[in-house]
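In the two assemblies presented below, chain A is common to both, partnered first by chain B and then by chain C.
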Partner chain A sequence: MTSPLARRVLSGERNAVARAIRLLDDREPAGAEVLRELWSAAAGARVVGVTGPPGAGKSTLVDCLIEAFRARGERVGVAAVDPSSPFTGGAILGDRIRMQRHAADDGVFIRSLATRGHLGGLSASTLDVLAVLAAAGFRTLILETVGVGQDEVEVNRVADSVLLVVAPGAGDAVQTLKAGVMEIAHVFAVNKADQPGADQVARDIEQLLAYREHGPGRADPGAAAGWIPPVVSSVAVEGRGIPELLEALDRHAGWLRSSGEERRRHRERARVAIVEQLRGRLDDALDARLPGRLDEAAARVADGASDPHAEAEALWAELSS
Partner chain B sequence: MAETTRKIRVLIAKPGLDGHDVGAKILCRALMDAGMEVIYGGLRQAPAAIARTARDEAVDVLGLSILSGAHLPLCRKVAAELAAVGRADLVWLVGGNIPRRDHAALRELGVKGIFPTGSAFDEVVAFIRAEVRP
Partner chain C sequence: MTSPLARRVLSGERNAVARAIRLLDDREPAGAEVLRELWSAAAGARVVGVTGPPGAGKSTLVDCLIEAFRARGERVGVAAVDPSSPFTGGAILGDRIRMQRHAADDGVFIRSLATRGHLGGLSASTLDVLAVLAAAGFRTLILETVGVGQDEVEVNRVADSVLLVVAPGAGDAVQTLKAGVMEIAHVFAVNKADQPGADQVARDIEQLLAYREHGPGRADPGAAAGWIPPVVSSVAVEGRGIPELLEALDRHAGWLRSSGEERRRHRERARVAIVEQLRGRLDDALDARLPGRLDEAAARVADGASDPHAEAEALWAELSS
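Presenting the complex of A and B:
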């Protein structure tokens, strides 16, 4: 082991964990070196993804899940993602305010992340951040995505189990259920069950699920069959429904193992991580070997003098010659 | 890796008992508009929790909003907690009802910038940009 920072992360030193995450989130070259020495120690951690429309109660539920996992003695890492402004690049990261009661617990590490222009509901660094937390001994990981609209479904590639949180009223539950987001859920939480309309939302979901069981077009054709997502009602602000949620998530974890689906998902995750790095390399190669050429090509395409396919073909030909 | 995506990270918190946080929230917004990543810690935070959050979030800047008049005892505790978590290096700002006569004592504790109620947000932004290494 050559990196002192990596060694400190592995021994669970929180300041080192925080700094390693920062390096990776900032895409500093030193981050990659640290990560290399952490990766094998990170393997095998459990990742629960929590997604759903803005304001549905994701953070409040995460707070409850932290509590429940801690009660079983598990060490919990949380990555909570909020959107960066596309105009200024700034962000207000407000998820952890709902989890403040865990601030003094050494068995909990909460890190707020901004999307920094990455699409899909996560930051580009999310996978790396989870790896650092896992390597530092936080073996139960919870990932809260940005409040999703319809196609921020990247969490499905990163998490073992995806909990989709919906609520009656604002953040129109049915709207969420229409598009791709519903397809990625392994467990549904109908949160704010103390509010009118919650029962109807739960019934709507059950109906859509029944249709999907028999209907065409599963989201992930490679996925093993045989998991029917449970629908759990919760009142996160009162801690109601949490044991049931935990039970559903645990059941899914068990099914992942027994069906072989876990293995497949982990490979898929690794594939995504590699492809993401390759994309970064491509950017670097364009900058270093064909400086300015992407801008020139972009101008031609924008002016209608050429098309994106032709320009990509030409750049690729030069890069690979 | 492609070029870095570094942003200035700021923790804004309100220690102590005063329950008024509109000013702190607007400041968060102003810092966000200036391109910074702002973690809002919320009301009534214990000094130890603030320091731990600053460490775990690897922030460059800690901003405390204190209206209660208890800034000296609170900042003494925060200074001790920051040292305990190994983050005495961060850029520490305090805003609120801070009389002039207390400025020297606060600076002694490690407070870098003092912004009495009514300070312009632009001033805070400019101060942070100057203090945080790029």
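Presenting the complex of A and C:
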């Protein structure tokens, strides 16, 4: 027996989608209940992660991808992880503009996700939001993150394919790549390819990739071998390079299936989701069963009267008994 | 009764410090035991966070700060959070060079921290490592992170003062600032101030700061009011601006004490440490008490036969009973 809200989400009603996501964001029990009814319908959707440093032109490029997927008749959901600056009231200007641009298109659903206040990477609800969108029939999902850092490593866990966007002049591109994000990418876009230095950036990436092939280690030792990330030049503001990017992403999707890597990634994604949920339950249990105790423990540790290990041990002993 | 290892750490023996950190990294129970003996000696050390986008010249600037602190006779510990690229075998080239430079100086201890494989932000052991260094007499601690993203928000929780380093040409500086990191900074360094565009970057920051003063929200509503982050121009490769940066950081340290903010931040830091430890215990309990169960649950979720909420609930029910 499906609840009215789940039924409305499954039939693609936008209001219902927004409401389900809000319930999950607010960690209302009703959100988890709805999600439970949606989960099997969500399976099998495609998640493309798009990441890269600020200023690389990610938003414009995502815009082009939305249009390209739409032109093939695909319904597109976008979750933009937004570091929620108080300056912008929690939404980056580009997202607002983009939302307006696609506002009339029923085949596009864009949602900004806050990460503020969340200790540790991607918002716990990212996966939930993607599941709601998938269940509502948005079967091509784009997960966009701003920045370079831990978030990007987690995008790799959540997405099927990761597109890393760099541009000449947007940070030292090669330094960016070295800072641990290069190994998470399945496709590279050298955007703003009409600007000076773009060829050099592309060459640097190719060189680093060649080094990786023969280098000391892989980011994800469990990953299937055999995929060499293509490097595509693009000028997103003019729509140049977009068909090539799409082709590269599709090729990766095909490889994921044929190599068995898709199944492995989906399991890893599920694992992350369960652990995130478990952590939420740990936080809830602390609040509900031991109210105030964490604050007291923190005060003792801050005063040098105790240490985090001892306090955690004591709290854990109570929670797990 | 203090253990031999703790005693050696407390007397500042470098080998013992390295060994204690290794034990903590490997999550050996012996590490937690040693930490317990060191914690009270660690209290009261100063932690300066240094962050900013790749290419801003952070490493060079940190180098200058080390020298400046050393010139005042302070012993300096550095923890560099390193996204552990497989290309470099886990240490960024700059760190290697830096370590060699200070290798002969017994008053400096530099340690790179891996974040790879850790789900969620700063390595759980960052705080532990800082505590070991503090107990060993490195009372001025620098926590350096690479990148722009969630890590930086967490630096704000761990450090007393956060120095945000930007530079003209290193990413779109203003976009970087808007991407959620600006509000975590207590002091701004506009590095590479001899390059074109530096004045504009400084003006942009001042403008954003003025907006923040009168703007819609603060990143950390609990923080004491009254600190207006100074913006300092520097050319780290020439040592220019370093005395001014030091003065700004010292001024912030004085304000922390006089405003009571220091105590609040130390409690928040302890809180984070305890929660991190609790999460570690959750992971350990999953492994030890329910071996294989997380993998089975992940497979069910990946196949669409179940959802993360239901699986987490079942696992949590067993762990907490």
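Assorted remarks:
Simple rule for what comes next: the second predicted complex is superposed on the first by the 296 of 321 C-alpha atoms of A that agree within 3 Å, B and C clash if a C-alpha of one lies under 4 Å from a C-alpha of the other, contacts with A are read in each partner's own complex, and residues count from 1 in each chain.
The criterion applied here is as follows: a residue touches a chain if its C-beta (ideal position, glycine included) is under 8 Å from a C-beta of that chain, and two chains touch if they have at least 3 such contacts.
As the structure is a computational prediction, the values presented were derived from the model and not from experiment.
In the superposition on chain A, contact of A:Arg111 is made with chain B only, not with chain C. Of the two partner chains placed by superposition, A:Gln200 touches none, neither chain B nor chain C. Of the two partner chains placed by the overlay, chain B and chain C both lie in contact with A:Ala32.
Touch criterion met: A:His309 reaches chain C, while chain B stays clear of it. Applying the stated contact rule after C-alpha superposition, one finds that A:Arg271 touches chain C and leaves chain B untouched. Contacts of A:Ala18 after superposition: chain B is touched, whereas chain C is not reached. In the superposed model, A:Ser258 makes contact with neither chain B nor chain C. Once the two complexes are overlaid on the shared chain, A:Ala298 sits against chain C while remaining clear of chain B.
Put simply, more of the residues of chain A are touched by C, taking chain B and chain C as the two choices. Residue overlap on chain A between the chain B contacts of one complex and the chain C contacts of the other covers 32, 84-85, 88-89, 92, 116, 280, 283. Every residue of chain C that touches chain A in the complex is listed here, in rising order: 32, 35-36, 39-40, 42-44, 53-55, 82-89, 92-93, 115-116, 119-122, 127-128, 131, 145-154, 157, 169-172, 175-176, 178-183, 208, 211-212, 215-219, 263, 266-283, 285-286, 294-295, 297-313, 315-316, 319-320.
Those residues of chain B whose C-beta lies close enough to touch chain A in the complex are 1-7, 9, 28-29, 31-42, 45-46, 48-49, 52-53, 55-58, 85-87. Chain A contributes residues 14-15, 17-19, 21-22, 25-29, 31-32, 84-85, 88-94, 96-97, 100, 103-104, 109-112, 114, 116-117, 124, 280, 283-284 to its touches with chain B in the complex.
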